[in-house]
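As structure tokens, here come the structures.
What follows is chain A paired twice: with chain B in the first complex and chain C in the second.
For the complex of A and B:
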């Protein structure tokens, strides 16, 4: 079974700083794999097969350390599509490029994380399935594959549906589906020798997809003024109670 | 402006109608329901497809898509549930556009809409504007629902979606799920809680103040102590409780933004340098294992 895992490279959110004009600075922010995609990589490894990873983004996403990190987690090879036009790509643009790359690479099953660490829109994987014209299931918390079909448990709101679909298919996984393994030294060393294919949009034979969302601004929110009445020590619990008893209404 | 509403949860239409009302225009809805229920939403026209228990939610996509292509609304508003996001995403792909997800402060902008989204879990707010046909998912709890009758109900036939997804079975979810968005008071536990049994301390306090228990991501995820519907922060869940207890929560920026709308924030943390103390109204530097039982007892007697 050919499994393709889609991974997003994002900024480490802890390193993002706020500028005096409330804009964000990524100058000191390292890049990393979006947390939720690690579950998709792990699931691919658990299903086992011919596992390839795919990532797209702006030129800055072509980062050796991350490529190695990704490959150390199990995929046998990595495809990365970078183009300046993909910097800050919206979900339509991302899904369009992923679809073009997936068609070129070939796949039976595509796995995606439920959402990304930046927008957590939970859209791209579903859009990808629709663009490829294959069955797509999201919010999947359990997944098995055999005999050309998958059985997925889709959890939504208060019920779980067990769904069967033929391959090829796209599945978006929730982060509670598994516990991603921590790569060992051997995995890390082996990762350096795994093939990485780098493509541009021209290599995929497509033009940059049209921008579908106008981003007007990205600004740090203004916090509320809080009272900050703090007491110190376990023995001050009654004092805290006196402070808050009239504020708390059940 | 032509507006089309959709939710997989029929109780959400009142809120969607209220949201659409702020934009102004002709409001219609797509609903998976029988004729009676379809008539109970205050829109000009309710297009309904009869529910069929043997079908999956996903199977209704083709009917929805066909309606959208026929009716050509300017704006489609969908409630931001898991299923709503799914429907929106597939439709967006078919229309070669993107969904404006989890939009707040929505307003009309020409024949489209604009609004705000959380970015990096709330480190920033991204203001966005639609291009072409606008599709947005709206979080619950932003608008007071409106009630009324549909002026007209129109049956649309179920359309085979050809997606090949088949229902094997449906189970109810293990563990009690909760809607924290509508909870009056919330007691949220963080990494400071180390054992599953300790959740009971938070539950007791929540009960005493008439609230629900939530948790930060590490608690729900790593440990499986609590159901994922109780996550606060990162997931984009924004709460507006009257009182919010942060128990053993350090107060990372993402978490703080998720609770920014709480009227009162009360923090319990043993680390006096925890950032949560900078953004709370009341707080105690202390051991939650000692402090929580005392507070619970006092609220019970209050």
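For the complex of A and C:
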């Protein structure tokens, strides 16, 4: 089975700082793999087959550490599509490019995270399936494959839906589906030797997809002012208690 | 046994590890460098100043290509009391002579770049893996253990820093390290606009200031404070000998808070933003306390080998890390040509090191650790400077004594004999 895993490269959220005007600064932010995609990679490894990873974006290409990290988790090779126009791409743009690349690479099963660690729009996988004209199952918390079909489970509030679909198909996985493995030193060493194919949009024979969503602004929520009352000392329990009581009352 | 074996495994991807990897990979050896951080430098810290001479012959165009913060053009040393500060400030074209200049670096950026140079030369970097133990067979170190995995090599290089556990496991560090051989460093990084830094520290664009403080920052204990200017941030910290904390009244954090709040320091970081803080150990036993540096199948470099000069208020280890890495790499390349990785074969490392600036300087400063245990330097002399200059500069209309008599009076109070003794000792340790 040919399994293609889609992985997004996102900013490390801990490194993003909030500016005085509540805007966000990515100046000191490292890049990393979107957390939920690690579950997709792990699931591919557990299903086993010919596993390839695919990532598209604005500047993925230069980050050797992330490429190695991804490959150390199990995929046999990595495809990367880079174009400046894909920086901050919306879900439609992303799905369009993923679809073109997936067609070129070939696949039986495409795995995606349920959403991305930055925006968590939960759209890309679904649109990808639509563009490719294959079945899509989202919010999957268990997945098995057998004889040209997959059996997926979706956990609802008080029931579990079991869905069967023929291959090829696209499946979006929730983060509780598995525990991604931590690569060992031999996995990491081997990752350095695995093939990486780098494509431009021209290599895929497509133009930069049209922007369908305009971002007007991104702002951090208004921070809460802390009281900054510090009570120190062994005999100050009542004072602490009174302070809390007053705060709760007011 | 048919296990995969590399020429060299290096544990630790800091400065010592990366330079060893770079030189061995250039010579065509198969090198694996294992670093526990997600990237080299992720967990490393330093005060700031790197003497660039150590890269001559290793990275010849270092000054042009290395990601340094600023070139040091102001050397400042201060004697500080709770309420006063006396500073001298030296600046000279001589500080900028090619091959002799020094630079301020941030390890998160610098080490990552250095490790990349090693990777470009062909070394294989493995990040995010902690080496827990060594494989030792018949007294020979044959490889490393991480989790369930083993990896083998002809030579293992221990570049795992001041707190090395592996040098003990390899039998190089035979006696437990005492609190007198280790200092504790704490540092905070403050983000500040480039222009503001240049204004506050009196610097031309791109120039930097290395500033060391004796006295108040270490609370009169053996140690000192430092401030280094980065491109758009300021590194501020203290280093205090671990043994001092056994009876200390103040913690490292309290000392750091005091130092930051001092009237001579506060304006320098006013309006800046704290963006990082870290703590780290410094090896400071000096020449007399060095562990063994090599054994069958293993060598130790940089901080792991305690190759650090700690003159109390200043610490120097990065250039020694580079120098020891160069000596170790040369010895391993030679051992490889003989196919002999025994203790005897690797002893070439020690010979090369003895002839290099590393051991020359370690020997030159050998008396420093003892000299620095002298409390007068960290207590009485900053007070003395305060009194002398208060006498010179504070005027209230009362009759003024001559400058010389003021100095003499203050010096006498502290004991002229002690002063003379410390001067002679201080000069002779240099």
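Following the convention adopted for this analysis, the second predicted complex is superposed on the first by the 217 of 250 C-alpha atoms of A that agree within 3 Å, B and C clash if a C-alpha of one lies under 4 Å from a C-alpha of the other, contacts with A are read in each partner's own complex, and residues count from 1 in each chain.
Methods note: a contact is a pair of C-beta atoms (placed from the backbone, for glycine too) under 8 Å apart; a residue touches a chain by one contact, two chains touch by 3 or more.
Everything numeric in this text was worked out from a predicted model, so none of it was measured.
When both complexes are overlaid on chain A, the residue A:157 reaches chain B alone and has no touch with chain C. When chain A is checked against chain B and against chain C, the one touching more of its residues turns out to be B. Contacts of A:84 after superposition: neither chain B nor chain C is touched. By the touch criterion defined above, A:231 reaches chain B but does not reach chain C.
By the touch criterion defined above, A:198 lies against neither chain B nor chain C after alignment on the C-alpha atoms of chain A. Across the interface of their complex, chain C is touched by residues 28, 64-65, 69, 182-186, 188-189, 192 of chain A.
Across the complex, chain C meets chain A through its residues 32, 34, 38-39, 119, 124-129, 146-149, 151, 275.
Those residues of chain B that touch chain A in the shared complex are 8-9, 56-58, 81-83, 85-86, 88-90, 92-94, 96-102, 114, 117-132, 163-173, 177, 184-185, 208-211, 221, 224, 228, 234-236, 242-243, 252, 254, 256-257, 260, 264-267, 272, 277-287, 290-291, 294-295, 298-299, 302. On the chain A side of its complex with chain B, the touching residues are 11, 13-14, 16, 18, 24, 90-93, 95, 117-124, 126-131, 135-139, 151, 155-166, 174-176, 210-221, 223-224, 226-234, 236-238, 240-241, 243-245, 247-250.
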